Amino acid sequence: MSDVVEARGISRRFAGVHAVEALDLRLEAGEAVALFGPNGAGKTTLLRMLATLLRPTRGDLRLFGRSVSDGGAYARRRSGFLSHQSFLYPDLTPTENLEFYARMFRVAAPAERVHHLLGQVGLLGWAHRPVRTLSRGLEQRCALARALLHEPDLLLLDEPFTGLDVDAGDMLRDMLREAHARGTTLLMTTHDLAQGFALCRRAIILVRGRLVWSGGIQEHERERFERTYLAAAHACNPQPV
Amino acid sequence: MFALIRKDLQIEFRTKETFASLLMLGLLTLVVLSFALDPTSELRLEAAPGALWVAVIFAGVLGLNRSFLVERENDCLEGLLLCPVDRGTIYLAKTAANFLFMMVAQLIIVPIFVFFFNLPATPALASVFLALFLGVLGFAAVGTLFAAISVRTRAREVMLPLLLLPLVVPIFIGGVKVTARVLAGKPLADVAPWLNLMGAFDFIFLVVGWLVFEYAVEE
Amino acid sequence: MQAVRKSVETVLPWLTLVTMAVAIYMVFVKVPTDKFQGIVQRIFYFHVPLAMMTFVAFGLVAVASIFFLWRGSRFWDRLAHSAAEVGMVFCTLVLVTGPIWARPIWGTWWTWDARLTTTLILWLIYAAYLMLRTMSGSGDEGARYAAVLGIVGAIDIPIINRSVYWWRTIHPAVLITRQGGSGLGDPRMQATFAVCMVAFLLLFVWLLYVRHESGRLRDAVEDLRQQVLAPEQQR
């Protein structure tokens, strides 16, 4: 089974600063990986590169076996991205939003699929109100539905638990577990070690754009990991002058 | 691609904001220009085509801006970029939507224009619409590209006219010329070179826009 | 690379200075006064080379923009930016020297003839280009947007020129045929003209080089600054 993600020496530069530098990463199909790192470490940049929103300024990136330099549409069809922003049009209803994205992703039987997903995230009651009128929590649920709409093989999540209430957080975790059980590959950035450990079996730590640690994680090793993480973060963060 | 256009139309039906602005600004411009031009003088008739096209451009700039402001909330443009579509296709769909909005607005503005300037309602008006069709298409082609850019700059609303007006001069001159000739009763063959110019402009910039749009929206 | 740079830096300014000096001497002293237009005609020797360099500059902006979008190297972006700034200066001078010549000859400050109008619009596009660069967020975006404008603008200029030219031919009363580069009978005039062309070409190249160097150094300083603030980690 070929790798879902294969990154070799990828870098991304923004006006002179390397947000991500010389990174090697391999994600095999079906893995669930947590991406940790202090603020500004380049986690979001890495995620956006994998979502083909950014192009690496150097290095070789392959998604689903294909290089991203040919436009990346192929990879996008099989990836889902969940971020702080919901990507939902505020003037349209959840149903309309989801049906739009369903058509864009060529989902079969879009209306039924949308209806099913809205049921799963508990939004059927609000399905016909403009997104503008929904609370943040409900909007996030709709965003989750959007990410899962086309049953992606790769799910990229940028701090998905931020701002969610307990119920929504539980629901998200369950849905992610379900997706993972189906064989979806997960890559999730989070500050919440608990959630990371609950869902993922592997973790990588990014500091200042470089990969500093990669390895398997188990639930009971959390404290030890926390110490490793803090040490790694401090070691690479010299005191300000 | 139709899904994209349909989406823009849906949003528009819901809010009608863009359309209303297009219409109102176009009408207001015509009214103001009518004040500027003495209603009794001969000059008025000569200046009328210019007034129409000024109204088209001013209103158009506003409409174009809005078409991308729509995508700014919740970062919807990124949502679009995450879909498995070519960036060029997004460009064409946006251009098509903008074109449609502007043309529909013209359907209302032109009769009012005829009314304000006391022009004879001759069959020549069909030719005026032809000129508008070509002109608005070119305007939408270049405008959509630069609207995508200007919405992401600091000066936002101001940036677009700054960028756009010099570039659409051929369309503007062509449109005014054709409208003037046609309203003066000249046959269409007379203005053929202009129509060709505008057509060429449209084609060239649709292609260029399609090729270059990804640099305008991606990071 | 350093060696080439050093030699260019010493030779080019002197070459420019000398040629310019010769040109000015020829324009103001050597060349005979035009029979019909009088002294004012001498501006022509400056005006036309300036105008040609303006358009060359914009062509350069377009080409550099294409390479920048295609290759991504900051060198091309800096080149485009430098060409735009220098081109803008030259364009302004064209628009200033034109009316100075026109007033005594044609009696008006401004005419809407094809070439002058196209130059005016080019000036507006230059201005838009430079404003776009300042008004964009972080450096990278501005470069890309400006490149798009450079390319579209360059493709548009011939079309604009054509449309303005057609526009003018409808109103013969205001139509004035501008004397082009030809019409210089006297070989001394031709020589002067040629020298001026070379002088302004050199001036353009030199200014371009200086501006580009300044941009390169500024970028290098900025890079160093960023690196100091966010130092490389030891691995």
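Just so it is clear, A, B and C label the chains in written order, and each chain counts residues from 1 on its own.
Going forward, a residue touches a chain if its C-beta (ideal position, glycine included) is under 8 Å from a C-beta of that chain, and two chains touch if they have at least 3 such contacts.
Remember, predicted model here, so these are calculated numbers, not experimental data.
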| item | value |
| --- | --- |
| Winner on C-beta contact pairs when A-B is weighed against A-C | A-B |
| Chain nearest the global centroid, as defined over all protein CA atoms shown | B |
| Reference chain B; chain at largest CA-centroid distance | A |
| Centre-to-centre distance between chain C and chain B (centres being mean Cα positions), rounded to whole Å | 31 |
| Whole-Å separation of chain centres (CA-atom averages), chain A against chain B | 39 |
| Euclidean distance of C-alpha centroids - chain A vs chain C, Å | 49 |
| Per-residue overlap in chain B, given as positions that touch at least 2 other chains | 219 |
| Chain C: positions in contact with at least two other chains | 140 |
| In the complex with chain A, residue positions of chain B that touch it | 3-4, 6-7, 10-11, 14-15, 70, 73-76, 78-86, 218-219 |
| Complex contact set, residues of chain B against chain C | 142, 145-146, 149, 152-155, 159, 162-163, 165-167, 169-170, 173-174, 177, 193-194, 197, 200-201, 204-205, 208, 212, 215-216, 219 |
| List of chain C residues in touch with chain A within their complex | 72, 138-140, 219, 222-223, 226, 230-235 |
| Interface residues, chain C side, partner chain B - complex | 69, 121, 124-125, 127-128, 131-132, 135-137, 140-142, 144-145, 147-149, 151-153, 155-156, 159-160, 162-164, 166-167, 170 |
| Touching residues (chain side chain A, partner chain C) in the complex | 14-17, 57, 207-208, 210, 212, 235-236, 238 |
